[in-house]
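Handing you this structure, nothing more for now.
Going by the order they are written in, the chains are A, B, C, D and E; count residues from 1 in each one.
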Amino acid sequence: MKTLDFDWKPLLLVPVLALVALPLTGSFSTWLTLTVAGLAMGMIIFIIASGLTLVFGLMDVLNFGHGVFIALGAFVASAVLGGMGDWTGSQEVWRNLVAVFPAMLVAMAVAGAIGLAFERFIVRPVYGQHLKQILITMGGMIIGEELIKVIWGPGQIPLPLPDGLRGSLLVGDAAISKYRLLAVAVGLVVFGVLAWTLARTKIGLLIRAGVQDREMVESLGYRIGRLFIGVFVVGSALAGLGGVMWGLFQQNLIPQMGAQVNVLIFIVIIIGGLGSTTGALIGALLVGLMTNYTGFLLPVATQFASIVLMVAVLLWRPQGVYPVASSR
Amino acid sequence: MTSPNLLTLEGVHTHIGAYHILHGVDLVVPKGQLTMLLGRNGAGKTTTLRTVMGLWHASQGRVRFGDKDITALHTPQIAGLGIAYVPENMGIFSDLTVKENMLLAARGAKNAEQMDEARLKWIFELFPAVQKFWSHPAGKLSGGQKQMLAVARAIVEPRELLIVDEPSKGLAPAIINNMIQAFDALKKSGVTVLLVEQNIHFAQRLGDSVAVMDNGRVVHSGSMAAFSADEELQRSLLGLAL
Amino acid sequence: MLKRLLSNDLPRSRVLAVLLVALLIALAFAPFIFPGVKALSVAAKVLVFIVLVASFDLLLGYTGIVSFAHTMFFGIGAYGIAISATRLGPGWGAVLLGLGAALVVSLLLSLAIGLFSLRVRAIFFAMITLAVASAFQTLASQLSDFTGGEDGLTFKLPELISPSFEFAEEPFLGVSLDGRLLCYYLLFVAAVVLVLALLRIVNSPFGRVLQAIRENEFRAEAIGYRVVVYRTTASVLSALFATLAGAMLAIWLRYNGPDTSLSFEIMIDVLLIVVIGGMGTVYGAAIGAALFVVAQSYLQDLLRLGNEAVSGVSWLAALLSPDRWLLWLGVLFVLSVYYFPTGIVGRLRARAKR
Amino acid sequence: QSNEIRIAHIYSKTGPLEAYGKQTQTGFMMGLNYATGGTMTVNGKKLTVIEKDDQGKPDLGKSLLAAAYADDKAALAVGPTSSGVALAMLPVAEEYKKILLVEPAVADSITGDKWNKYIFRTGRNSSQDAISNAVALDKPGVSIATLAQDYAFGRDGVKAFKDAIKKAKIVHEEYLPQNTTDFTAGAQRLIDKLKDQPGRKVIWVVWAGAGNPFKIADLDLKRYGIEIATGGNILPAMASYKQFPGMEGATYYYFGIPKNPVNEALVAAHYKEFKTPPDFFTAGGFSAAMAVVTALKKTGGDTGTNKLISTMEGMSFDTPKGTMTFRKEDHQALQSMYHFKIKADPAFAWGVPELVHEIKASEMDIPVKNKR
Amino acid sequence: MLETRGLTVRFGGHVAVNDVSCSFAPGTLTAIVGPNGAGKTTYFNLISGQLKATAGTVSLDGRMLSGLSASARTRAGLGRAFQLTNLFPNLTVLENVRLAVQATQEGAHRRGLNLWSIWSDHRALTERADRILAEVALKAKEHATVASLPHGDQRKLEVALLMALEPKVFMFDEPTAGMNAAEAPVILDLIRALKKDRSKTILLVEHKMDVVRELADRIIVLHNGQLVADGEPAEVIASPVVQEAYLGVAKEPA
């Protein structure tokens, strides 16, 4: 593909940011802890944002309801894991992992299924109309959140991390929590699969073309409708997966957890350039690192870190680091 | 038995929103021939083509492709039957590169490598710009280049029927010649073509049969030869002689 | 006369005209038609939202700029009053000063944002404003010794418009004639004036140019309009009107806090109202705001009834429980997008055409 | 006058604190029931509770309270859940010259500088929370770092805590944004500050609502011999305590701790109705009800505000937490708190706090912060 | 007198317009021809300011236009009709033209910054718009929304907007493309009328040679962005470069 004229500058952002932080943080072990944690955090953020890069980035659907699939995934996972106490409770890591996978699968399945309905009743009437998308998906968001409250109650519910995944490995003086390593692994898999499919198949092209001129794509003989459904479902499933990872990371769930990350993941894929998987990954990693560094150096500023980051990136590249679509 | 006509419209009415646009269009496109669809601005040509493609739906009447009734089919299904369509606005995907535009049109190919070499070569000869700007964003092409790309897309794979809305608009005479050659070649290879055209020379040089529309109806149809011969008819239908 | 008051932009639909008159009367005599503290505060909220939504429509409906930072200016207005009243104590001076300061701040901020909007693509701009707005909200709750943080500010206003002030001993038509009443009518007058002003603006040549820009910025520039100037002016104007709406809110509540005037929730409500009412129509803002605010305020009571009705069926009861009122608000969101693609006003006018 | 007494209960039926509000409401109704011996009448006057939902929105709470006093003719009001809402409500009580019994909003300023004479509070305030914890942790040679949310609730708490610490030394105060999700940075700062301190090292956590500060333990604090301590919380939140057997702190309430008839009644009733133990704010609601009924009985059902005030000032009443007393100065109910130690008991989904020592009201001197 | 000196624009490697120096006198209609992609529209874009030139200058009656924004150049007297129709789709035909008419007003930035007067009060503007619509035979459809017009009518409206601007320089980019042989004359008549009043400078990009032959006082030929011929219609059309590169008599290159 575009390996020759590949634009590598954005890739440098991550190491650059890390290196800039090194002198500031003082001790190396501290820096290492922060950096590894930040990268891992970035991976988790990437997982929850990956679905949105498809739905918002490629399909151009401003899905404010994305968060609800994240929450859904987490709550489903809590139900599944709750049912396998002896596995999660076991000390052997592999048993824990085995327990986590079905949770992920079920969560993805449920999220995907709901996504199907969501596409049909919420999104389909408003393809290409940003404003209405915002409203109707907000509606969907609210509904979903309330339904979660109806099913699981309004309160906070615990989602204990399987024992084997607790604690951290020590590298010299730096501590790296085990769970984050799992997150990195999962994140890489998601990234690999997404990047490969979009690069090696026409799907990515078709979606972008369909967004610009649906009629023409259909006139070329493609069932764009089905494709969009498919992509939306995948997007939702990914959100579900993200929910599981996020929930296990938080270790307790509240119905609003989806809404809480909405802005964050929008920021990430904006930085990424709307629809570029690589871009989203970079965006996520940058946000992860940035929050950790500022959190250490200047806690008050943490909440503004990612926003400042976004604005800075957009001033450098007004369309994100890897612009996918030039118009729109 | 298979009818000699590849495409047949019978009493097609089309509404767009509140407006009644087509008032019973009857049109036949004989197999293997090139049919010209002429008419004033607003006569309903584009609407007719869009109705055939299922982009508008006929409120009355039938559209048949071969023996198959396609009135109620959806656009992708219709296209799937082997129909290529070049819309009036060219329908270029401006965010995508020329290559990607072509690739999407080549339904068989998964990636650029799998596109039919020979055919591409032929297209490049007809429309050099397509090759020249192969990896440019299509949106940056010049008006005429876009038009070439639109047609190139329609012929990147063999199709049974080609429906083209004003392909020559904005093309330099030289390229129009290529376009004419292209359609000639296609005709020879047995492709059927339905062409809306304003460029009279174009129309005359290519058309086997002709249909003229006015106010959402076909008001005349017959052989091109006969039509070109009869200046009176032309004046009364188009307001001037060819 | 009336025609000119409405800037020659008549309802163009009998039903709409009737609705508008009804609304006007209802609001004008609210204290007497709908007695009770709650009813009055709902009416007041309607007034505030009419102005807020109309000001947003200037941006969205007429200029085609999608911004989530609008509540920010609403908040600035509210905080302007709140902070100055807290610092300088109750007095008209404080109110005016606060208002003035707020307007200035909004002016500068909106200028900055307006200019930034030209640098990035629409959708990016929307997202940036979203982020900026949420940042502003956090900021407001961070500067707690200035803004009262999460808890917000409770403050006193001039005697004349405070509930404690009674300018007539015995109630009139069962309504006690007190400062609260005066305060309401202050809001009422303000709202009417501001809406008429907006109506004039959108029907001026300026308004038409805005629409042109919304339709095709490129061509507007090409026929000789300096798009920058118009977009920026529009952003600033709508920001200023939003600020005034915010001030109205603070004056009515004599309280302000982050959730009250800055929350994303409000932003979305405003968006929805614009769409329900009908984009690019000031009348839509009025009708929409009234409908929505009332619905929102009484939805819970409504559900309580429904809930009792079906109390037999447990799952249905669960769905209809007043505690799940948001669920139905969400449904309202979805349905209104389904059934009012062009908004109420759009619908009514279309019907009138045939 | 009518033989009905209307009580408005305004709380977060919905909104972020919905779960808390629900508990309060349950407790309040059970309390009324218990206090009136199931009759729901005092001196032949029927108690009617009007419930209102402030959705956690101060402006709404404000107008609801006004409506309750004016439209519904409520004699007095109870609630709300959130401090923000409470603070907005205070002036309304003054305007209408009616009593507002605050429960469970915790901010000090409610009985502090924002206070007016119509305000009473059965719920504990931040100071009580903090000071009780201080009492529990305040030993010589202990180095303490605090970890709190960066808003009034957190800062109040830490301040009160600091003022109450006499023997131990505070080495660092860490404030993180309310919505913090990744605690690595904060934890790292705390570690850097604590690791080289001599003797026992404790991180004292004040955290309400979402977010899970106990994740800081993932950085393996043990290697530096750092412990975590915190106050009590609602049961779901105490699930994460399970990871810290031996963790110490002081709590407002845990159903297993107080030994008195009222609490037994509450626990029994709650198990009977919901098959679960009563939680943090259930006890609060119950106490509020006890206070109301006790007061009304004393006035013989007279709801005249001034009469009520004079009766309630200094009034003692029984609650699931034993006897509470509204002190004259700021109408804050003084009450016991409980020094606990966490035990991980497989029978429970949460870490079980076991009583170390009941901190009597007399052991804590809670500063009077209102100017009167 | 409109003048371009060494006008050049580069897109990455590709030079779309290459060092074009040329001047256009009032009262003459210059036809610009050349193969697709020769750079005609880009040349227009550079003159009217839609694109920034990499090098070279544009001036009108001695006034330097380079560096001015597109809107400023329009106000300075450059009028442009676009090759690909480019209108205000959801406004009515009348509103479209009226906006253009208003854009010719003086002061208070085209009276557009006038927030207090009522749009519908400005009768004079409406009347002018009406007259122009009559000229392009669109009066009948003045209340239709542009989106619903057939392609041909949209082309007419495109020209109507240009007329409404009353510029010193008229730039037509294939005004009759996609217009039926019966309809085209309406536009051509307009152009003839413009030629009559001798004060206007007219630039016309057109592929239909019969039209060019009839209207042009002068023809310039662009090829691969360069100015390759300039002169009397007859001789230019006869010149080999046009014959091959453009009319494609021999096998065409590109």
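Remarks
The rule we apply is simple: a contact is a pair of C-beta atoms (placed from the backbone, for glycine too) under 8 Å apart; a residue touches a chain by one contact, two chains touch by 3 or more.
Please read these numbers as outputs of a predicted model, since none were measured by experiment.
Think of each touching pair as a link: the shortest run of links from chain A to chain E has 2 of them. Between chain B and chain E, the least number of touch steps comes to 1.
Common neighbours of chain C and chain D, by the contact definition above: A. The most distant chain from chain E, with centres taken as the mean of CA atoms, is D. Per-chain Cα centroids separate chain A from chain C by 34 Å. Work out the mean CA point of chain C and of chain E, and you get 45 Å between them.
Spacing of chain B relative to chain D, judged by their CA centroids, is 77 angstrom. Along chain E, no residue makes contact with two or more other chains.
Residues of chain C in contact with at least two other chains: 138, 142, 323, 326. Contact with two or more other chains is made by residues 14, 18, 150, 177 of chain D.
Of all possible chain pairings, those that touch are A-B, A-C, A-D, B-E, C-D, C-E. Taken in their complex, chain E has these residues touching chain B: 11, 33-38, 40-42, 83-84, 148-153, 174, 177-183, 207, 209, 245-248, 252-254.
Residue ranges of chain C in contact with chain A, taken from their complex: 60, 66, 119-121, 123-124, 126-128, 130-132, 134-135, 138-139, 142, 268, 271-272, 275, 279, 318-319, 323-324, 326-327, 329-334, 336-338, 341. Every residue of chain B that touches chain E in the complex is listed here, in rising order: 16, 19, 39-42, 46, 88, 128-129, 132, 140-145, 147-148, 166, 169-175, 177-178, 198, 200, 238-240.
Within the complex formed with chain E, the chain C residues making contact are 4, 7-8, 200-201, 203-209, 211-212, 215-216, 218-227, 229-230, 233.
The part of chain B that touches chain A in the complex is made up of residues 53, 55, 74-76, 79-80, 85, 87, 91, 93-96, 100, 103-105, 107, 110-111, 137, 139, 153.
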